[in-house]
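Step one of this worksheet: look at the structure below.
Letters A, B and C name the chains as they come in the text, with residue numbers starting at 1 for each one.
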Amino acid sequence: MSNPSAAKTSPGNFFEDFRLGQEIRHATPRTVTTGDVAVYQGIFGPRFAVQSSDVFARKIGYRQAPLDDLLVFHVVFGKTVPDVSLNAVANLGYADCRFLKPVYPGATLNAVSEVIGLRENANRKTGIVYVRSRGFDETGDVVLDYVRWVMVRKRDENAPAPPEKVPELAKAVEPAQLGAACPKIDAAAYDNVLAGSPHRFGGYKVGEKIDHLDGITVEEAEHMIATRLYQNTARIHFNQFAESKGRFGHRLIYGGHAISLARALSFNGLGNAFHIAAINGGRHVAPLFAGLTVFAWSEVLATVELPGRRDVGALRLRTIATKDRACPDFPFKSGEEYDPAVILDLDYWVLLPR
Amino acid sequence: MSNPSAAKTSPGNFFEDFRLGQEIRHATPRTVTTGDVAVYQGIFGPRFAVQSSDVFARKIGYRQAPLDDLLVFHVVFGKTVPDVSLNAVANLGYADCRFLKPVYPGATLNAVSEVIGLRENANRKTGIVYVRSRGFDETGDVVLDYVRWVMVRKRDENAPAPPEKVPELAKAVEPAQLGAACPKIDAAAYDNVLAGSPHRFGGYKVGEKIDHLDGITVEEAEHMIATRLYQNTARIHFNQFAESKGRFGHRLIYGGHAISLARALSFNGLGNAFHIAAINGGRHVAPLFAGLTVFAWSEVLATVELPGRRDVGALRLRTIATKDRACPDFPFKSGEEYDPAVILDLDYWVLLPR
Amino acid sequence: MSNPSAAKTSPGNFFEDFRLGQEIRHATPRTVTTGDVAVYQGIFGPRFAVQSSDVFARKIGYRQAPLDDLLVFHVVFGKTVPDVSLNAVANLGYADCRFLKPVYPGATLNAVSEVIGLRENANRKTGIVYVRSRGFDETGDVVLDYVRWVMVRKRDENAPAPPEKVPELAKAVEPAQLGAACPKIDAAAYDNVLAGSPHRFGGYKVGEKIDHLDGITVEEAEHMIATRLYQNTARIHFNQFAESKGRFGHRLIYGGHAISLARALSFNGLGNAFHIAAINGGRHVAPLFAGLTVFAWSEVLATVELPGRRDVGALRLRTIATKDRACPDFPFKSGEEYDPAVILDLDYWVLLPR
């Protein structure tokens, strides 16, 4: 018989499959539990007290220890992969990423994306797809909202180009938009010693650079376990048989893995930066492979008070992650060129108690 | 003093230790939690919505998201290893494996096996032991019932052969026996989009073959973590010092690992096959080692309606898993010989919403 | 601008930073969950029924399955690392380690250490720091109390030596001090078959040696996942880029990892030794690296009844762990020298039902 199975499996969407304004409801809904928290803890080792201790979290005003913000990000992101980026050549950027509601163990997350921009590349082989993705909890509330854009292959080079639309994206999330996922906290009840750092919001200055000192070597098992935890199906992370003949010769590590590593490393120097309120932009400057060791440093780009809030303040940070290179001299760019060791350039807002 | 420790450790049972009709209550009872679910998720990456989301599961009629059927299988199976197969040369087959009750996080599982067949091999060095194993939950209900047979070494070649008894085993579980572990579901409330596939029971045809497309490379840490999660103590999975001088030169990966990988891969093409109702038979055709990449394809062997049920229908599937070989051409057998890349030939029933 | 970041990151304490009598409250409080239990299960594979099954634990008198004693130990120990041993050259020993209260999933642990001894070494480059560390749960109860001593680098060789004080430490915890973390159990309700061993307290004799038979090969991903689960930040475990040029050329595996492996292996021969009541002393005789296979054997040093308790008795054990060497001949010392395969010499008390 003729084989109908091609109709059963999903090859993912190609550039010409996307339409401006299209809304994509993603599979698979996911109840996130303390089990996921533990696996995430084992893979990355975060030490922020708010996410680590129910008692600490309650004392300052949370219902209990919330999920790590990046675990929420990765779970929501993972849902978008089968529909948005299975045929991506490159994940080009993030913007306007805002965490909007604390997520606690037991929440069920799902995700919806809207196509907000399309631009075919001159070579006609690929195009750029801009999507706004939203993560929802089981009550229907938005917990996360972000834009990303990816370069996606065309199935057919001759498919006509869609009308070009490149969305305007703010360079940074406005301070007034920060903090929705952080309840009003009791800063007096926040125990610096238990949290592991004496430095609160007021202790940081614009231009200050912090070397986070430590390095973490990544193993194949680790990044694959993490990426499957998020149900992220991008093939390049899992299939050494194919990748051994591919672009890099290795499985490519999910870009979000480097973000989580950099965040965990940043505890040493930013121990009270307990919440990522927003991500302004992120660039995966170079690929990361198993066997390499990740380091990170951060620069304070801005310090702002949040309108109407005296409990927390926000730092805008640039965190740079490197591979196989310590960061005492804050490697970054020379001219337009990144230092060859740099793998991640992340621009984001964190909250600290005042 | 003479050393009595040999009496303290268990060398496992040898062929001559088994008696027909013998009942073996296995150690160790195990409370399975959302933590186990998360570790399993990280190792295999399943995406079936029913097991992933409490909300989705409740909406169609489950109390909450049930455990992955294969996690239940592996935990029950693991208990039988110290008593049944510690001295096994080979795990020869499974039959009549039925999932009988949904298992939710918090359940405590234990296992009992009955020796239902014995046959010494002509070489007098080994014999085949047939056991029917049952997994129970804390209420005493049977959640899983299956037969397996293993080739077990004799301690003493001269030990007399037991009376030979080879049980008759059905080639397949009857449709009337399927579905006990699946509550009546509300198929109208089953959301295809969230589940990730538009294809329900009626969309599959006998003879249809589906290449599941993706490949997953297995790491040593992964299969050992999974196998220890099940408290499976078979030595060949864990001890590289011994295995480096052994039959393969490598730790042998637990056969059930390949089953779980194939099941997770099968989501791409069988996304609504949310429940394994029964396993008719399974053959571990060739060993799997770390570093190899597993692929899978499936063929629909039968489609049946379940007596008295209009909510779900059953597909009988053959799923073939391979190592380091993609499956666009459905590698299987030439004559009696399996394609050298094939590692698993699994015959089982899955349920899909109608 | 001058860079103030050195003030933000913690380089850890150096020898001259410690003062006798100093009390150190450690970061980070940690709510331990069934998720942590599952990750621990996956990494080590313990099979003691009390910790594995809520039903079994309740039947004999626990509220539910308690956490593995060593998971509690590692979490408490991990908190002390950033303050006590980040600049340690060597972890020299443990003493007087007592488990004082059962810890259940959901408990929040934190830790406080007191400096109870200081002794500068003759070379003036290092000194020995003795700390008594206590782990507390969220009610403020002490769950664990132990002494350890570490050799710590000086920041400045010329810093004056503190007054020398070497605490007197008992060679072993007294039997009267054992059992606080074990509720009165119903020994008649303890099911030997489910527990996996017929040998209770009365079945062991002083001088008896038990080869635990099995071997477990350790992978880099495994020890790093475990060590991050405990939020242990000792750099030598995680950074291959630095360690490739370091003392060993490899990441050094956390000493506690070998203890947990030996404990899990000891199930085969000590299946009813369900609780570690105290650790009298422990020595990490040689380093352990990924790729090596750990074996273990135990000797019964003493058997004691506990004052006022007829439910359980205590065995004092020496458990020896080795690397890449099976233990049928109980490798230990020739003269003062340990067998070169030995990595761990642990002296501790376990409880068994009578």
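What we mean here is this: a contact is a pair of C-beta atoms (placed from the backbone, for glycine too) under 8 Å apart; a residue touches a chain by one contact, two chains touch by 3 or more.
If you're wondering where the values come from, they're calculated on a predicted model, not measured in any experiment.
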{"item": "Partner chains that chain A and chain B have in common", "value": "C"}
{"item": "Residue-number overlap at the chain B/chain C interface, same or different (half cut)", "value": "different"}
{"item": "Inter-centroid spacing, chain C versus chain B (mean Cα positions, whole Å)", "value": "36"}
{"item": "Multi-partner residues of chain C (each touching 2 or more other chains)", "value": "33-36, 38-39, 219-221, 225"}
{"item": "Sites on chain B touched by chain A in the complex", "value": "33-39, 41-45, 47-49, 52-56, 65, 193-197, 199, 203-205, 207-217, 219-222, 225, 268-271, 291-293, 324-326"}
{"item": "Contact footprint of chain C on chain B as seen in their complex", "value": "1, 3-5, 7-11, 25, 27-31, 33-36, 38-39, 82, 106, 108, 110, 138, 219-221, 224-229, 231, 233, 235, 238-242, 251"}
